[in-house]
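Chain naming follows the written order as A, B, C and D, and within any one chain the residues start at number 1.
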Amino acid sequence: MTTPLFRGIVPPVLTPLTAGGEVDVASLDRLVRHLVERGVHGVFVLGSTGEVAYLTDAQRDLVVRTVVRAADGRVPVLGGAIDLTTARVIEQARALVEAGVDAVVATPPVYAINDTDEIERHLRAVAAAVDVPLFAYDIPVRVRTKLPVDLLVRLGADGVLAGVKDSSGDDVAFRRLVAANAAAGSPLALFTGHEVVVDGMLLLGADGVVPGLGNVDPAGYVRLWDLAQAGKWDDARREQERLAALFEIVFQAQGRSGDAAGVGAFKVAVQRQGLIDTAALSFPLEALDGDVADRIEEITREAGLLHG
Amino acid sequence: MTTPLFRGIVPPVLTPLTAGGEVDVASLDRLVRHLVERGVHGVFVLGSTGEVAYLTDAQRDLVVRTVVRAADGRVPVLGGAIDLTTARVIEQARALVEAGVDAVVATPPVYAINDTDEIERHLRAVAAAVDVPLFAYDIPVRVRTKLPVDLLVRLGADGVLAGVKDSSGDDVAFRRLVAANAAAGSPLALFTGHEVVVDGMLLLGADGVVPGLGNVDPAGYVRLWDLAQAGKWDDARREQERLAALFEIVFQAQGRSGDAAGVGAFKVAVQRQGLIDTAALSFPLEALDGDVADRIEEITREAGLLHG
Amino acid sequence: MTTPLFRGIVPPVLTPLTAGGEVDVASLDRLVRHLVERGVHGVFVLGSTGEVAYLTDAQRDLVVRTVVRAADGRVPVLGGAIDLTTARVIEQARALVEAGVDAVVATPPVYAINDTDEIERHLRAVAAAVDVPLFAYDIPVRVRTKLPVDLLVRLGADGVLAGVKDSSGDDVAFRRLVAANAAAGSPLALFTGHEVVVDGMLLLGADGVVPGLGNVDPAGYVRLWDLAQAGKWDDARREQERLAALFEIVFQAQGRSGDAAGVGAFKVAVQRQGLIDTAALSFPLEALDGDVADRIEEITREAGLLHG
Amino acid sequence: MTTPLFRGIVPPVLTPLTAGGEVDVASLDRLVRHLVERGVHGVFVLGSTGEVAYLTDAQRDLVVRTVVRAADGRVPVLGGAIDLTTARVIEQARALVEAGVDAVVATPPVYAINDTDEIERHLRAVAAAVDVPLFAYDIPVRVRTKLPVDLLVRLGADGVLAGVKDSSGDDVAFRRLVAANAAAGSPLALFTGHEVVVDGMLLLGADGVVPGLGNVDPAGYVRLWDLAQAGKWDDARREQERLAALFEIVFQAQGRSGDAAGVGAFKVAVQRQGLIDTAALSFPLEALDGDVADRIEEITREAGLLHG
C-alpha cells in the first residue's frame, strides 16, 4: 500500500469536449500539464466533475490514457470506476489499471438498493480485482447512500480501502471519520470534495482535497495547502476566502441542473483562461453562455485569473 | 405505433440464477412459458425485479434472448435499457431491439443530476435511436427524479413515448397523469408497478400493471384484470385482497436491503413452486433462507399456490 | 367507542377570515351549514386545510365553537389538536372536547425527533386524557414521521385509537393498513386525505375521506360516496374524474408555497360561490388573486359550480 | 443593536427535571452558575437541547426566569421562541423579553409549508414585536426548511436579524453565509451548532458556537475558543479532538430516538458530574440508563471530567 502518495490537492479533471461532443484530447492534455505545472499533488480522472456519467467506454478510455500520458508520472493519477453492477465496476477498474492509473475510486452500487453488508461485499470484490489502491467515493447526492464511518475504517484496517473521497457534505461525519481513522492507525487517506471549506477540513485533519474549482485555480489551492502545512492558518483562511469568492461562479446559472451549472461554470472559467478550446458539455447538457458566461468570466477576472 | 398491444398484466420477469451466479436459462425459459400459459398479456425483461442492476452486458443479452424465444410471439416483450449515459442507454436499447423486444423501457439519466429539459433531450434521443415504442420508467426511489406529468404527456403527444411504467408510489400524480393523457387523446399506455393497489389503479384508469408479485401468482393477476375489465369491481377487490396478503412475503426479511427482501422473496416463492431451480440472488446480494424462507413458503401456501 | 359514527365524506373545514385576518364567524357558519345541507357525513375542524398552523388559541376556540354550533348535532365534528408537546396537545384536546367535538385528531409530536415507542406513549397519553375517540393524523410531509401500520393497528386493538386520517400519500401502506385492520376485527375507521383517488381508495376499503376539495364541491363527494356504497364503481370513477379536473385549481399558483397554493385555491373557489366573504389567508400567507384567481374561478365554473 | 455582545461559547442549556418530570429549579440554577463560572460567553435557553419541544408554557417561563436569575447579568441570555403560528411565536418572544432575555431565537414556521417570502414576513413580524435582537434558528432537520443565505444577509442588513444559529449541517452554505455577511458589513453574528467542527468553523469565520456538549465540558469549549482567538490553531484542533472523542457519548444509545440519544447522553454526563440531580427526560422520552449510561460515564471519565 502506498498511501503516503495520496495527499494534497488532487483536482477532479474536467473532460474538455469539442463542439461536436467528442473528447478534445489536445485541450485535455494542455489542462493536465497546466495543473501539474501549477503544483497539484495528483489528478482524479473520470469523476463527477469529469462528466463520467455522460461518457461511453471508448471515451472513458481515451480520457484516462490522455491524462496518464500528460501526467507522465510526475503526480499520481486516480481514476473513477463509476458504473452499475459490481462486475462492470470491476471491468472499469481493470481498464483504468491497464491504462496506467495509480489508484481506483469506486462508489457504492448505483441504482441498486443495498444495505451495508452488500456494499461491503461490493467494495471488497472491487479491491480484490485490481492491484492498485482503492478509494471509496462517498457521494450520497448521486448514489443515495451515506457510507458509515465504521464500515470505512474497518475496510481501511483490513487493507481493502486506501482512502475515501468524501463528497457527502456531512462535516460532522467527516470529523468522526478522521478521529476513527486516527484511532485505527490511519490506514485511510481522507479527501474532502468540498472546495470552500478546505481550510477548516485541513485543520481538522483531512489528508487531501479534490476540488472541482482546482481546475480553475490550481495555484490557489496549492498555496492554500502549503499555508496549511506550514501551520499558517490565518493566511490559509484568507486564501480560502479568495477561492470561496471564485466559487460563486457555480451559482450564476440559476434554474439550470446541478451538473450544467457546476461543471458548466468550471469549463467556462477554464476556457476563458485559454486552457481548453470550448466550454461544451456532454449531451444532454447544454453549455453555459450569454450573460451567465459573462458573469462567470467577470468573477474569474476579479479573482486575478484573467489578463487583458 | 402499436400502443394497443401494450395493456394488461405484464410481469417484470425474475432472472433465475444458478448457485454459481450465472443466468439459469432453463429456469428462465420455464418461468416465462409458465407466465404466458397463465394468461399474462406481456412480459417485461431486465427491470429492477429482473436484477438488471446486477447483470453484465453478456448476461443481459442472454436473458433477453431467452425471454424472447420463450415468449415466442405469443405476448409482447418489453425490455429495460437501464444504464448510465444516453449513449450507453441507446446501445442497450439497440441490443434489446436486435434481440427481438417489442418495446424499450428507459429511465431518466442515472447518477447524473439533470433538469427536466435535459431529461427530455435524453428520452428523445433514445426514442430516435430505435424503431420500437419507448416507455418511460418513473422510479424516483432509484433514480432520484420524479418525471413530471406535463413532460410525459407532451412526449406522448409528440410520438416520443408510447407509455409510462409508474413505480413512483405517487397515486395523486398518477391520477393526474391519467387525466392529462385522456385529455390529450390517450397517446400513452399507463402502467402501474404497485402490486397491491391494482384494483384501485385499474378503476381510475391504468392501462396495465407490472407486478413483481405476478411472477408468483400470474393467474391471480389475470383474474383481477379480467374482473376489472368486466366491471366486477367488488370481485376484483377480493382478488386483490388475496394478492395483497400474498405480498406480505416481501416484508419477512426484516433488516435486509430492499432488493434482497423484495426480489429475494419473489424468488423463494417461485422456487418453492418448482418453477425455478434456486432462489439465488446476484452478487453482492445473498439469497433469503432459513426461517425467513420458511415464512415466505407458508404465506405462499396459504395463498393456495403450493400443493403438498 | 362509537366508531360507526365516523365514516363517509368528512371535509376539513376551511377557516374563513376577514380582510383584517380575524375569523369570519358568519362565513364559517354559512360554510358549515352548506356542507351539512349538501350531505356530508361529518366535518373536521382545525386541520391543515383549516389553517390550524396559523391560528392562536383564542381563534382555534372561536372556530371550533362556531363549527359545533353550525353542525348542531346533525353530523359529528372531529377536531384537530395540533401542537408541540404532549401536554399542550392534551390541553388542545380538552379544549376541543369542552367545545363539543365528537372526536379528536392528533399527530405524532411536531419538531421533536422521536421513535415509535415515544410516539406510542404520546398517543396513549392523549387518548387517556379525553373521553371522546382519538384519531391519529398521519401526515409526514408536515411532521416528518410515517406512522407504521403495526403501531396503528395495535393502538386500535387496544382501544387507544378509533381511527386514522391518512395524508401520507403512500397508497401501498394504506392498503396494508386496510388489510391489517380487517384482520384485527376492524377497530379503526380509516380515512384518506387524498381527494383525487377516492374511488380507488373506497374500492380498496377506506371507511371515509377527508377531502379539502370537499369544501368546494361537497355534493360531488357525497355522490361519489353514494355511488361507491351502491357498488356503481364505473359511475363513481366518472364522478371522481370530474372532481379530479376540479382539483387542478390547486396547481394554478405556480411558485407559491404549498399552503398558499392549496388552501388559497380552495378559498377562492368557495368565495366565488358566495359562501364565504373573502379569500383571505392567515399571516404570513397572502391570498391568491389576479390571473391565478381568475383561472381558479374558470375551472370552478367548468365544474358546474358557478352560475352566471 | 448590541451584536458585539453575542459571540463566543453559548451553550444551549439543558433543562434538568425531577424524577416526576417537573423542572428541577435547583439543578438548573446550579448548572447555569457552573457554566458561567467556567467562562462561557452566554447561554441559550429553551433550544432543542433544552427540550423546548416538550415543555408547557408555564415550564418554559420557569426555566427562563431561573436561567436569567442564575446568569445574573454576567453573560447574555438568548431564549428560544419555538412554536406554531407567528402570533404564538410573538407571544413566546414577548414572554422571554418580559423574563429578561437579551435576545430571542426563532425558527421559520413549524408544521406550515411556507416559501421564502412567507418566512421573511414571519421573521420580520417577530423582530418588530420585541425590542431585543432576533436570531434566526436554521434547523432543517426539525423544521424541514433550509434558510437561504440571501434572505439571512438581507434581513441582517435591514436590521431585522442580529444573528443566525446554524444547525443545518451544511458547511458549504455556512461558508457562503460568512462571506456574504462580511461583504454586507457583518450585520449578523454567526453561530454554529455543530460541536465537533468548531475549530474549522471558527477558522472560517464563525462568531460563536452553541454546543450542546458545552453543558458537559464548558471549560473545554472556552479553551478552544481562546486558542482560536489567539490564532493557536493547532492547539485548538487538539482541544477539539478531545471534545470530539467526548461527543461519542451521543452515539451510545443505538436504536433510540435522536432526542433521547443526544439530550439523554448530555444529561447522564452532567448528572454523573454531580451538577444536576437526575438524568430524567421529558415525556414521552425515557432516560438513558444501564449499560448505555455506564458507557457514557466511562467516556466522560476518559475525558477527565469525573473524579474518583
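Methods note: a contact is a pair of C-beta atoms (placed from the backbone, for glycine too) under 8 Å apart; a residue touches a chain by one contact, two chains touch by 3 or more.
Source: prediction; values computed, not measured.
Peer 1: Using the contact definition given at the top, which chains are in touch with both chain C and chain D?
Peer 2: Correct list: empty, since no chain touches both.
Peer 1: Please report the minimal path length, in steps, between chain B and chain C on the chain touch graph.
Peer 2: Minimum step count, chain B to chain C: 1.
Peer 1: Please compute the angle of the rotation superposing chain B on chain D (C-alpha atoms), rounded to a multiple of 5 degrees.
Peer 2: That pair's rotation angle lands at 180 degrees.
Peer 1: Take the average of all CA coordinates in chain A, do the same for chain C, and state the distance between these two points in whole angstrom.
Peer 2: 49
Peer 1: With centres defined as the mean C-alpha position, give me the chain A-chain D separation in Å.
Peer 2: 35
Peer 1: Residues of chain D that contact two or more other chains, please.
Peer 2: none
Peer 1: Graph of touching chains, which shape: line, ring, star, complete, other?
Peer 2: Chain contacts: single closed ring, each chain with exactly two partners.
Peer 1: Determine which chains touch and list them pairwise.
Peer 2: So, checking each combination of chains, I get A-B, A-D, B-C, C-D as the touching pairs.
Peer 1: Hey, which residues of chain C end up touching chain D in the complex?
Peer 2: Touch residues, chain C against chain D: 48, 52-57, 82-88, 91, 109-115, 117-122, 125, 141-144, 255-260, 283-286.
Peer 1: Write out the stretch or stretches of chain C touching chain B in their complex.
Peer 2: Those residues of chain C that touch chain B are 169-172, 175-176, 179, 194, 196-197, 199-201, 203-205, 231, 233-234, 236-237, 240-241, 244-245.
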